[in-house]
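For reference, the structures are reproduced in the following blocks.
You will see chain A twice below: alongside chain B first, and alongside chain C after that.
So, the complex of A and B:
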């Protein structure tokens, strides 16, 4: 298995994704309960659900790579959601996204001043942001949205969006009015085992997609490029690994930490604005962020503080939600239980090969429980998908905590010249 | 003597500055949104001086105080129990269920309910401690994750099952929804009988929760354990300097698990005032006390007395901002802003004062050294320090 870890990050994650889809289509074919596990609609819904999680995770990436822990992502997303909705209602969808970014930056600015200038503990400041964010949004709603037609203290009127888009040639999009062929759609309809499943899931990522979603996905390679291939990124990462050595090289550590935290707020704010856009909520609604900031944090840890991994984490966590939306008779979420059992069994085998007995026992027991749950029931309760991201992260940490690579100086107070 | 006065003034200055700053910023916010800040504050203070409002404030401060102590136990040794929110709600629903199934004489029944709540809270928080000790999982991450699993998973599932018995009645009222009601013997009586001889009739159906006395007892116990026992000394030592504590024979792992369990046990009590008032776990059950508790603990510097001050301020804002809706002098949501700013300003002010003090001490030490002659008391290289350092 050594060759897997020698692959570059994107290829390794693509391989994991392919294995995942293989297991999904295998289980789906064998049980014959549902076809939703690998349908176009499921992957469309997954993508829409995954975008805010992805943006929150990337936000966390910039902040923590600069050495500032950011558990205030949730609060920054709430501010982004409010400002995004306000901007979109008054000035249109695109402006809404920009204003949402500024809302997130506002929250991040407080975090930056408290942690960088005053040396307040990062967790404490993050908790404070998570209290101030919703408070500010609620006060602003009571002052502004209450006065709008159809608005109230907890919600806004409908928020306009930024349109939809189909990829030409691959998903049958228009090119200057000419309808291009729908290559993936054709493969999907052939119903070939695994190949059609891959085609369907990929097509879902390219058809009926909002431009804002594409911006979010494009931010994954952009973040990688900025952080690992530019001088700016190197300096930012030095602040998270060895700030004193950075200072000795003449880097303005405070400035780069500010960049990291403010970019973090910008991305979280964009994620919040996306939640208010018609892609997801279509309105500002209190409580609508619903832990996505924390799920983004989970995706960050799952992805081992790297952009490609965060994308995979966000999609993995969004998948059960997307499936739940498509799953009218609840058979698909039920089949997902069996998939989970297979995955836990695989972990048990892996742990056995490594000689880690405790891990093996824990994984085997979980595999057994999931399988038993699958065979003893016909449907699963709706709360199951809600807790899945958090369970997955706890399991990843439990089985793999030693191999996670946290920035060395993450969360440590830094004082210039001390 | 002059020094002592300085130190007292310095400690008191941070929260006072934070309060003033919060009032200043929220006045700006109120002015910007076209309200008169002085009228708003005036309404709140006048309202808070009424006996009925004072009872409400104490009722609100009681669970906030417990939640603050729960967070503070962790903070004292640099452990962040962010999971109080999940712990108290989980503890409340389980103890509501157990309490409803039992028929015991009064004191025993109440004790069983409180003990079940403390056990559930302690066990839940203990999981995070064990994960930290055995697998090195940061307790901030694990308590956030366990929080989410408990609130949107376990509690959602349990409340669906246990609330199935009482359903929405024909009039559409959901008063019947909830776990089975706890018999009278399981509920702590209110303290109106105790305080009315002093204060006079409270009236208007307001009751001072019996959990108030439990919160006082928890505060006293926290003070004694922290400052008068071996365990409290070890706890504080581990927080200030874990390496020195380990060198002194304190088992870091044992302290981590014990502190998390104790924090969770107190967290288990946070939901009890609401449970005693409602008599069951239902959709109206109080939420968000966990995060309030963190704020209150930070405001009170994790100090048993300081947390009293913090929880009273937050409770005052929570309760007496209600009058703003009636008087119309401002939007009541301003209190959320004030609370957030107080918290942030307080932690910043404490940090600034701490740094100022450090510099001051260094300066005083240098002066003392200069006065006592040119030679330092210890030769460099033979400074007495912790063995092995």
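So, the complex of A and C:
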């Protein structure tokens, strides 16, 4: 298996994704209970759910690579959601996103001043932001949204979006009024094992998507490029790995930590604004961020502090949510139990090959439990898909903790000249 | 930055202008005067050594010259111009580069990234031109014979290689004035020779070098002139002519050095540590430690000689329990401890002086008294039952401070405020006063001044007399030969020779360490293992 680790990150993740889809289509075909596991609709829902998680994860990436732990992402997203809604209602969808970014930056500024200038513990400051964010948003709503038609202290009127489009050629979008062929749709309808499933899931990422979603996904390679290929990125990363060493080579560590935290807030704010946009909620509603900031952090850890991994983590966590939305008769979630059992069995085999006995036992027991649950029931309660993302995070931490590479000086206080 | 020139000359560097002129530099930290009215002049193109006891203020002075710390008082001139540095950037701009006492490298970055940081060649859009950077790095490394692979992660490098990366980092920016803070402390003799060759080459190219060193023979070998600091003050600046090591020592500590006493053997029959057929790593790669067996008796010091990276660190880690061996076992007083965790091993009487004091020895931001308890936190005087005994711990820390001459204003300051040598003395004090059965000491006197070194050696001899078994790893061959009862040479993970220190010289030992003596010496096989 050495060749896998020699692949570049994106290729490795693409391979893992392909294996995952293969398992999904295999189980789906064999059980014949549902077709939702690999439908276009599920994939669309997953993407919409995953984008805020992705943006939060990328936000965490910039902050923690600069050495500042940011558990305040949640609060920053809430501010982003409020400001995004306000901006969009007053000035239109695109402006809303920009104003949302500024809302997130506002929260980040507090975090930056507290942690970088005053040396406040990063966790404490983050918790404070998570308290200030919702409180501030509620106050602003009572002052502003309450006065709007259809608004109240906990919600805003409808928020306009930025439109949707289909990708030409691949998903049948039109080019200057001409309707292009729908390549993936055609393959999807052929119902070829695995191939059609891949086509459906891919088509879901390309049909009826908002341009803002495209921007969010494009931020993945952009983040990678900025952090690993530019001078800015190298200087930012040294602040998370070895700030003293950076200082000794003439880097202004404070400045780059500021950049990291503010960019983090900007991305979280964008994620918040996205939640308020019609892609998800379509209004500002209190509590709508619903822990996505924390799930974003989980995606960051899952992705081992790298952008491609964060994307995969965000989509993996969003998949059960997306599926839950589509799953009217609960057969799909039921089938997902069996998929989980297969995945755990695979982990058990992997652990055996590595000689990790405890891991093997835990994975095997969980595989057994999931399989038993599957065969002894016809449906599952809907909390199952809702807790699955959190279960995945725990599993990743359990099975993969030794391989995680946290930036070496993440969370450490820094003072110049000490 | 440069604040113009208040001397009559036009400011352009001329040959007779000194490279550096410091006058009246004073720097105080809470409770300590690190530099007290220091003045010195360094001529262009010379190698200038700075000597002094631990805590004399050498590193502080160099950091001021590099813009990392600012002086409270005094003036600095570089090539005749008055300067006032706000940050290292200002110093770097004037061509000053510094290699720090404790390495300044980011472990998870590549050599190339570490080197270019702060001086990155860029293309449009802030993109780093890695090709150009690599070419320049290779040019520098070839012209000085400093061999490194730019794509290696720094964490995979040994100390010698790290040292080279540090020097390349400075040369990469075209530094004209190099500051090297104890560059030889972590090097084995062959590497020191190589470093000195590089330094002479740099000097021939017109560079000015300031360097700090505690080994006086090395200073006398390479330096053109020598400045001695004591208690933050300049005692003297001398040209390196007709000066002897004892002259220097007397200037440094103010009195003559105690000469080490001759001691007789105290080796007993009780085996304290036994390592049996120990192998670490392997499985595809060459094992880091390859089937090593050795015994250390109570009252015995066994020295391990070897060029860095031949398995010594891994052997030590397997004994203290931070790595688990793939084969073989470790016995302490006859008990098999191979499967025990680090804490139970420490509790059963293993004292440990790690090779890297910053990574494994100290919590840099914790106060001294907490650091003194580190590794012994479950036992009196540091603990009473389940609880930390604050008063007891503090009292014991004071004992260590007095007994090992740890220079500090009080025991509540954080460990990072101690000078490098004083950090080392704190660790030694902590380990030697813990009543151990076995002491595993990696480079115990690294970075310690000659006076304190003699004192540490005395402590170790005294402990040996009281029945302590010691496993000593050192790059300092004189220390190995002078202290050990038996010397074991490690090469490529295996024990290649077991020698009696009374009939080896540093030269012959060096030959064994590089593997040169093995082919020519067929007695080696008989000597393999322990007597």
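Observations on the structure shown:
Throughout what follows, the second predicted complex is superposed on the first by the 418 of 418 C-alpha atoms of A that agree within 3 Å, B and C clash if a C-alpha of one lies under 4 Å from a C-alpha of the other, contacts with A are read in each partner's own complex, and residues count from 1 in each chain.
As a convention for this text, a residue touches a chain if its C-beta (ideal position, glycine included) is under 8 Å from a C-beta of that chain, and two chains touch if they have at least 3 such contacts.
Being a predicted model, the structure only gives us computed values, none of them experimental.
With the C-alpha superposition on chain A as described, chain C and chain B clash in the combined arrangement. In the superposition on chain A, no contact is made by A:255 with either chain B or chain C. Looking at the superposed arrangement, the partner reaching more residues of chain A, out of chain B and chain C, is B. Touch criterion met: A:298 reaches chain B, while chain C stays clear of it.
Once the two complexes are overlaid on the shared chain, A:11 sits clear of chain B and of chain C alike.
When the two structures are aligned on the shared chain, A:384 is found in touch with chain B, with no touch to chain C. Among 19-27, 55-63, 289-297 or 379-387, the region of chain B with C-alpha atoms clashing against chain C is 379-387. Once both structures are placed on chain A, no chain A residue is touched by chain B and, in the other complex, by chain C. Remark: chain A residues 71, 110, 114, 118-121, 123-125, 127-128, 130-132, 134-136, 138-139, 141-143, 153, 291, 294, 297-298, 301, 381, 383-384, 386-387, 390-391, 393-394, 397-398, 401-402 touch chain B in the complex.
Looking at the complex, you find that chain A touches chain C at residues 229-232, 234-235, 237-238, 241-242, 244-252, 405, 407-408, 413, 417-418.
Partner chain A is touched in their complex by these residues of chain C: 66, 68-70, 87-89, 92, 98, 100, 104-109, 113-114, 116-120, 122, 125-128, 169, 365, 416. Remark: chain B residues 29, 33, 80, 82, 131, 135-137, 140-142, 144-146, 148-149, 152-154, 156-157, 160, 291, 294-295, 298, 331, 333-334, 336-337, 339-341, 343-344, 347-348, 351-352, 355 touch chain A in the complex.
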